Each structure stands twice: as C-alpha cells, then as structure tokens.
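What follows is a pair of complexes built around chain A, which joins chain B in one and chain C in the other.
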Partner chain A sequence: MLTMSDAIIELDELRRTFIVRARTGGLRRVAREVHAVDGISARIDAGEAVGYIGANGAGKSTTIKMLTGILVPSGGRVRTCGYEPVPQRRTLAREIGVVFGQRSQLWWDLPLRESFDILAAIHRLPAARARPRIEQLIEGLELQAFLSTPVRQLSLGERMRGEVAAALVHRPRLLILDEPTIGLDMISKERLRQFLITERAEEGTTLLLTTHDMSDIERLCERVLVVDHGKLAYDGTLRGLSRRVALQRVLVVDLAEPQPGLEVPSAVNVGTELNGARQSFSFAPDQTTAAMVLAEVSAVAEVRDLTLTEPAIEDIVRTLYHQSIES
Partner chain B sequence: MAELVSPPTTDLVTKRESYAILLASRLRAQMTYRSSFWINTVNSFFTGVLEFVETYVLLTNTPTLGGLNFAQASLVFGLANLGWSIADLIFGQTDTIPRYIREGKLEAFLIRPMPLLAQMITADFQLRRVGRAFLGLLIAVIVLFWVHLDFNAATIYLLITTPLYGAAIYGALFVLAGGLQFWIVDGSEFTNSFVYGGSYAGHLPGSALLLPLRVLFTFVFPVTATAYVPCLIMLGMDGPSWLPAWLGWLPPVFAGWTWLLAAVVWRRGVRHYTGAGG
Partner chain C sequence: MIVRRYLLLASAEFRRQSTYRLALAAGISANTVFGFIRFSVFYAALVGAGGTIAGYDRAQASTYVWLGQGLLAGIGLLGTHEVSERVQTGEIAIDLSRPIDLQLSYWARDFGRAALMIPARGLLPVIIGAVTTGLAFSSSLWAIPLGLISLALAVSISFLLRYGVNLISLWTIDVQGYTSLYMLLMSLLSGFYVPVHIFPGWLQVIATASPFPSMFQSPIDVMSGRVVGAAALRVVGVQLVWTIVLAAATRLMLWRGSSRLVVQGG
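Up next, the complex of A and B:
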C-alpha cells in the first residue's frame, strides 16, 4: 500500500473554539472565545504508540472528540483512519475503539459478559468471529472472575479492564485511551499495561493515549505529543523529551534517626524535613535506578520508609513553555 | 507489520439480525431479574390504571364530553391509550437524553457504528413498559364490548390501524421532544409537558378542545388523528368545525408529516450536539 494510507491520524492546523459566556456582575454577560485547540498539526502512522500529554484543560479531550467524530472542528483538517470523522462517524466507528477513563460504555445493570455480546451485535460481528475474540480478551485481561457480576458492582480496576476489552471487541485499527489508569492501583495499572503491550504486538493496533502518569508513557509509547494551551509544545521521542526536560524522579526516605542533610553519589538532596528525619533525593532514571539511590542512602543511614514520585506533567509542560520563550 | 485492510463488511451480519440479537439480549437480561421485572411491569400497569381512573371520573361527571357519551369517549381513550403505550414502549427512552448527555453516555453511543436512535431503542429497551402497553390493549378490548359499533369492513380496518398509526404519531412526538433536548439539556420538563400534554389532548374527544388547540393538535401535532377522528367514522358522526370526519382516513398522512418533523428536529439536534460539544 502507498504511504498515504499508512497514516492513521492526520491533523492539519486543527482548531476548535468555544464561546464561553460569563456573567460579569449585574446583568451584563460577556462572550469570550476560548481556543481549546489552536492549530495542531501532527501525523500518526499505523502501528505507532503515541502518548498525548498536557495539563488539565490543555486541549487533549477536545482533540480526541474531534478525532472520533463527536465534535466538529472550527478550523483545519482532521482525518482518522482516512475518514472525515464527523460526516463519516459511523463508518469510522468500525475502525476505532475508545476508552474514556471517566465514563463508561458498559451496561451498568448487566453482567460484564453481556456488554461484550451487545457490543458485538452493535458492530454486527458474526458469532463465529466475535466469540473467539471475546474469549481472547477475557483471558488477556483476566476477566473470568467477575464476568457474571453486574458492572456497577465492579471495582474501578476491574471495570477499567472491562472497558478496554469492550473497546477492542471489534478489533479496531486505532485504540484511543483517555486517562485509562486514573485512580488505579499499581497492580491494576501494570496488568493493563502488560495487556496493551501484548495486544499491540499481536494485532498491530495503533495506540493514542492521554495520561497524567509518566510511567504509562514510559511503558507503552515510543512517541510523545505535549499539548499546552491548545498548541503542540513537543512532538518526538520520550528520550528526546527527557533530553530537553529533566524527567527527574524523587525518592523520599523516612529515616530511623534525624540526620543532617545526607549526600549520596548518584542523586541530589533536594530537601530535608522533620529536622532531617525525612529527606528527598532527586535522580535521573536514565542514569541511575531508584534501587541504587536507596542502597547509597541505606549505607549511611537506616531507612524506615520510602516513597517514589514521578515527574508531574504540569512541571514538564512548564519547563517546555519557558524554554520556548527563551529560545 | 499488521495488515491495514479494514475487516470486510461483507461477512457482517445483516442490520436486521443485529437489531434482533440486541433486542433478544436485552430481553434476556431483563428477564434474569424476574422479581424486579414483575414489580416494574405491575408498577407501569397501575400507572396506566391511575390515568384511566382520572378520565373515568371526568367522564362519569359529565354525561357527554364534546358530543360523545361515556362509552364513545372511552373508545377514544382506549385507542389513543393503546397507541401511546406502544410508542412509549419503543421510544420512551428518548426522554432520558439529558441524563445521557450529563453522564457522558451519549459520547459512548456516538462512537458506535449504529444510528443513535436505533441504539436507544434496542440497546436500552425497557421491557417493563410492556405493562403499560398491555393495559392499553385491555382497556381497548373492554371498551369494544361496551360501545355499540357496526362491525363492517371499514370499522375493522380502522380498529386495527388506528392504534398502529397512533403509535407512529406518538413515537414521532417522543423523537421530536428528544431532538429538542439536545438544545435545552435542562428542559426535560418542558419537553415532557409537550409529549405528555400532547398525549392527553389525544386521549380526549377533539371536539372538547378549544378551536385553536383543536387546530394545533390536528394540523401541527396531529394527536387527534391517533383516536378521535377515526372514531368519528366508526361511530358514524360528523366532526366539529375544522375537524371533518373524513380526516379519519388520513392517519398515514398525519404520521408521515409528524415523522418528517421529528426527523428534521432530531438530526439538527444531533448536529447541534456535535457542534457544541459536551
């Protein structure tokens, strides 16, 4: 096939403006234009896995709504799987699977299994094709234990795995996940990521993922798009991003005895609290490991407890923003 | 590299099969909770009974209503009620659109390859409304033994088709009101009063309505065509002014008009939603 058909997502100067009417005291109302998406151009090819990150309100959800045909763009061009999303919404729906982390597309009163059968019917899949696929998803996402439980009784982690299965019943070419790991515990997150890696390897599904969790991106995506105030602030590899922005992690340790500020070889002490009973060490994960830093701290003081913090997306975006002003 | 070819559409099941599978699955699911199904069905049955009692009280206190005696007015009520309850069974979910919008469920509907309305009818089919429809049928049959009708071919034709066209007309009003809710998300009270008020007018003899209302509920929202006007023919009566009895042959035309109106409003409503966003 020619290269043109390899593009799963094409955005060309995509824009979306909302009119927000705000009351400004008294009876006057002022209409204000909000540029939720302000000229984004990007191209995502078949088989890519792309993280789409940005602060809250940066324009991520608006972009996804335009990609899926839920929202008409105010300007520019969007093509998803070669289709124009809004006019060809139902044709496009056969090619994409969408998981909105905050919303459900499952039937709340029904056993989880029932939702998959209903979706297969909505997608008009013959039983011979739908059944094995559903079984495969049940196994891959380990859903057996709660298949006959009504969806409203599932835990968040169980429900989210169900949502992902629901989005994949019809084997979409493009899977869009909007905050799929929000609120999940570590084990559920890891299970979901592991499944997505296997699924992509087997089916070649293109993945677009929005998240607040940088480790989702590290585990799943080769490429990152950073959006800020409706504009693309970065488009490239995760490694490239970490070269421009220090994706520092911080290891916070609680010590058995208060200590003066400790110095270790592979990390920087970025703060002491509680008279030195709690100390924070910042390190670059591509140069050392959390275990290494912990070992170095343990060598000089007794560690009672620890937490590890991820770089916040808001910080990354802020750094990129200041860099672009300086350059 | 995975294949880029989309799954061939030729081996998909037909649309009709797909709807049938959906409906069957919804029915099966709702029958799983037997007791809750029966409670809901009985509940919806008695809601209908209550409405009938209201009309009964009205009718027993007025010897004639709009020129019809008690039995004749009950025939109008019975036929209109049967049509309305069938429409409610099929299209009743459309009045929950504001809730769908608020809960973000509408977006889940929009990312599926089935028309929105078809999804609402099949994927959210509420079997409990069967109770209401059953009551409608029961009342219509009881009234038939009571009112004196000349059972010729025309009467039998009208008896069978009137509830069906009635269902079509009320169904279109449901869809019309649903379409309006895309604009006025918090306006379900307004649209409900529109659907339920319209249905109330349809259950009464059209002659009992004030002239402007009579015209409105015949030539714009033709609820008088769901029972009253065909009843005029069956009862061999002339209609009041602006409502000649021969209009009783035209429910198909009225149904077509209402669906045209409903389709325009519904489409524009969906388009408005995708333009404005959630």
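Up next, the complex of A and C:
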C-alpha cells in the first residue's frame, strides 16, 4: 500500500504555454500560442524507472524543466520529491541529479576529478562522506584513466560518464537523464546502462529517462510515458506498449550474391533492394533474437554486412496517435 | 561549511583562468603598450597646462596611469558575457539546478578570477611604470589595508554591474546594445580615460552620482595616497554603499526575472 509520501513526481494537469512570435513579412508579427505541455497528469513512485519518450518538440524537455523548478508552469500542479519546484528550487536541487545530455555541468578547463570535489562541496557533503562516494562512482563508471584530464579534452563517451557521476555525487533520490546516450557508440552506451542498473539496485534511485533510443528503455525502464503534442499518449509497461504498437526491429543484410527474396522461419522479409543483394527482415524482439534471424539467413545465403534498425520513436507515437483517433 | 563551497568555486575559477597562459601574456603586453600611450597623452596635457592639472603632477599622473593599467584586467573593466550567454544557450539551467545562490556563486568566481588577474596582469605593468616614468605611493600605513579593501570593493562593484547587465537577458535575449551602452558610460565615468578629478564640474556631478568611479578611480586614489585619512575612509564608505545597493538590486532583478525565464533549447 503506497502513501502520498512515496510519490517522487506528481503531475496534475500540468501545462506550459509559450508565445511564439513569427514574422509574416514586412513589419507585421503574429503571436501564436504553443501548448508545449498541455495537461499532463502522472505519478511516479519512489524506486520506479520510467522512460519518457516522444518526438522532438513533443514536450519532454519542457516537462523536465518544470520538474526541476527552472521553468514556471502556466497551469496545473507539479510536485517533485514532495517540494514545489519553483519556490523550493534550491532545496529540491539537493534531492535530484540531472544530466542534460547536450549540456555540461563539469568544469570545462579543469581535470575531471575536480568537478566532483566542487560539486560535493556545493551539495555540502562532508569530506568523510563525499570521498568514498566519489571513489565508488569512479570505479563504477571506470573513470580512473582520465580523471586528471581536463574535461574539454575528453571524448563524448568519457564526458558523458563523467556527467552521470557528477549528477550522482550527492546520492539524489531522483535521477533525471535527458538524452544521456545521444551520440554514444554501442560499447559506451552499454557500459552506461550496466552502471545505471547496478546503481539503482544498490541505492534505490528513482529514474526518469528521456531518450531516442528504444533499447535504453528496454534495458532500464519498467514503465513508459509517451508524450505527443504536449499530452500523454501512453502510460504503462513496456510490454503493454509493445502489445499496442509493434516494436519490430529490422535486420538489413548485404549478401555476397544477389538472391531472390529469401524466406526465413522467425522473421518477415519486408524488402529487397539492389536486385536482391540487400534484404530486410522484420522481427519481434520478444519472440526471437537478431542472432537467430541472422543464423537463419546465413544458412541460406552468404552475408557480407548487416545493420540493425531500432523502432523509431516517431513511428511509435504516430501509431498511438492513429489508434486514439480510430477508437 | 557554507563558505567552503564559495572558496572552492573561487579557486576553481582561479585555476581555470590560469590555464590560458598565452592570453595572459598577450594581455600584459597590451596593457604595457597602452600604458605608455596613456601616460604620453596625459603628460603632454600636463606640460601644456604648466606642470599640474587638478593636483596631478608628473609622478601622480604616472601612478594613475600605471596603477590603472595594472588593475583594469583584475577589476574586470572589459566586461563579461558569461551569464547572458548561458541564458541564451540555456546553459543557465545547469546553474539553476544546483543548491547554491546564483549571485553569490558568480561573485565568488569573479573573486577567483580577480585573485589571479591582479597579480598576473597587474604586477608587470606597475613595475615597468615604476622603472620608466616613476610611481608615487601613499606614505600612510593605512594605505595598504585600506587599498586592499577598496580594491575588493571595486572588484565587487564591477562584478555586480556586469552581472546586472547580463541579467537583462532574462527580459530580452539580445543584450548587445545594453553591453555597449554600459561600456561607453563605464569607461568615461569610471575615470578610465581621464581621472574623474579633471572632469568639468557638471560631468563630475554626473560621475559622482554613479557607481562607476567607485570601481576604478577610488582604489587608485586610495592606493596612490591621493586621498588619505578620513577622506580615504569616506571614499571606501561610498564604495561599500554602492556594493550593498547593487547587490540588493541584482538580487531583485534575478527574483523578478527568473519567473519570466524561458530556458532555451531542448
């Protein structure tokens, strides 16, 4: 039985409207209201891991800004960790950790390690508590090799691991990650996900994640919120989402010799190109694996190269949108 | 320890600035060259006026020019755009997501910057001035502690004015016009071009009603011994009042402006 105090995030008909002024030729300007967040209600409890997805401009970042208290809502109610974000912004800041994937919270010109010490002081952590925590993060995110490198010289993957460590120094109750894996290679992504899984298991941190990468959601989140045009289009489990929207993946293979359209047992051939030298197979990841499909294709033709495409969030949102119109 | 966070922010800024060695060296040479130019112009005027203008003789004029050249980078006369740039790019979201006061954290950082710039950019021009055209310092023992207080207040006033101009970006995204206006008023009224004391009467009235002399003319007057004793205390008192007024005004600006803040970018 959950009580109100277990809620980490409560949104009640949350709204935010922007006035956008567009020039319409000459000196005339037309003011237009944009409802970036248009009445979102949701509740996230302590310990949950929630993926917050939507197309560009759907209202994800606007929601996050209101959750952290840096943007005043136009209407509705928001509470984060039990606080009113805007008036209690600085108190709230001690309870949450935020990574804005496109922005850095690290000290650009100084060695990475120094950012952690400064942040620990900003969060008023006594050295006796800060030091073991920082050591733990350095180990967990494998930062040792570049701790004394100035941040501006780090690779994107190294910097992003540093950003996540920086957001976690003060052991926040809520970790908000805004596009943490954007631009990362597969190994960096996987290393970061693995760390987050361990960290949540140990600390019980609530996680809110926005991403364009469905596999981030699959690996990290039990629950998904889909936002579209400022409104919630879906709130439920990932499994429930995949029942409503086919989260099909597509394996594209380049063959050594052109072939007529190949048929394999666990996937559907959804297209041949280059006279059959490139063929695409669609499959449901909860029923089979990419390795299985590849093995089946390899059994009948020689594969030279392959790519695997994820379901695009834009496609998921579009399907949900059409379903809601039809129902 | 609350103070420790601000000390760490100041020391981080000190080290950050010290990583740009080439810029420091370039700044020192520029300050030195312009020191000779400024002294030549002032000296020519002195000779034309029969040796003194408004109490400035050759040694006093040289002290005014070289102390000014030494301090201008430390005081931060050339302006800063960091806060308004961070508002424009949305980076300000990072600052506001920390459990720390925005004004005090930038203030602490500016002290860190000044603590590097005053010796790094100041020492050499002052030594060159002393060797070439001669300097006259105050003989009063009080001039050193009072001079340091006056300098700290000058750095604070300069910071608060720059921070205030930057905060205008909460209302209008492009603050270029305001920055230019500030630079124009500041460089004239602070006593940077010519000492406030040789302004015509009406301009002196305008200057003394503004905070600008307190950020440049005042520390030079106190350190060079142009004002001593009670007069020096009065100058520092005026600086203190401006610091308090500007600190309160910029807090009010942030409080009023943050409700309108639209953090840019996704």
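Note that the second predicted complex is superposed on the first by the 325 of 327 C-alpha atoms of A that agree within 3 Å, B and C clash if a C-alpha of one lies under 4 Å from a C-alpha of the other, contacts with A are read in each partner's own complex, and residues count from 1 in each chain.
By definition in this document, a residue touches a chain if its C-beta (ideal position, glycine included) is under 8 Å from a C-beta of that chain, and two chains touch if they have at least 3 such contacts.
This structure is a prediction, so every number in the text was calculated from the model and none was measured.
Participant: Give one word, clash or fit, describing how chain B and chain C relate on chain A after superposing.
Facilitator: Aligned on chain A, chain C clashes with chain B.
Participant: Between chain B and chain C, whom does A:R171 touch in the aligned arrangement: first, second, both, or neither?
Facilitator: The first partner, chain B, only.
Participant: Identify the partner contact of A:E310: answer first if only chain B is touched, second if only chain C is, both if each is, neither if none is.
Facilitator: A:E310: touches no partner chain.
Participant: Looking at the overlay, what does A:N56 touch: chain B (first), chain C (second), both, or neither?
Facilitator: In the superposition, A:N56 touches chain C alone.
Participant: Considering only the touch criterion stated at the top, classify A:E203 as touching first (chain B), second (chain C), both, or neither.
Facilitator: The first partner, chain B, only.
Participant: Of chain B and chain C, which one touches more residues of chain A?
Facilitator: B
Participant: For A:L71 in the superposed arrangement: first (chain B), second (chain C), both or neither?
Facilitator: both
Participant: Which chain A residues lie in the overlap of the chain B contact set and the chain C contact set?
Facilitator: In chain A, residues 18, 65, 68-72, 86, 89-91, 93-94, 96, 98, 100, 102-105, 107, 109-110, 114, 117-118, 121-124 are touched by chain B and also by chain C.
Participant: Please give the residue numbers of chain C that touch chain A in the complex, ascending.
Facilitator: Per the touch definition, chain C meets chain A at residues 1-2, 4-5, 8-9, 12, 15-16, 19, 89-94, 96-101, 259, 261-263, 265-266.
Participant: Spell out the residues on chain A that touch chain C in their complex, using ranges where they run on.
Facilitator: 18, 56-57, 60-61, 65, 68-72, 86, 89-91, 93-94, 96, 98, 100, 102-105, 107-110, 114, 117-118, 121-124, 150
Participant: Provide the residue numbers of chain B that touch chain A in the complex, in ascending order.
Facilitator: Spelled out, the residues of chain B in touch with chain A are 1-4, 6-7, 9, 11-15, 17-18, 21-22, 25-26, 29, 103-105, 107-108, 110-115, 119, 123, 274-275, 277-278.
Participant: Which part of chain A faces chain B closely enough to touch in the complex?
Facilitator: Chain A reaches chain B through residues 1, 5-6, 16, 18, 46-47, 62, 65, 68-72, 81, 86, 89-91, 93-96, 98, 100, 102-105, 107, 109-111, 114, 117-119, 121-126, 129, 170-171, 173, 203-205.
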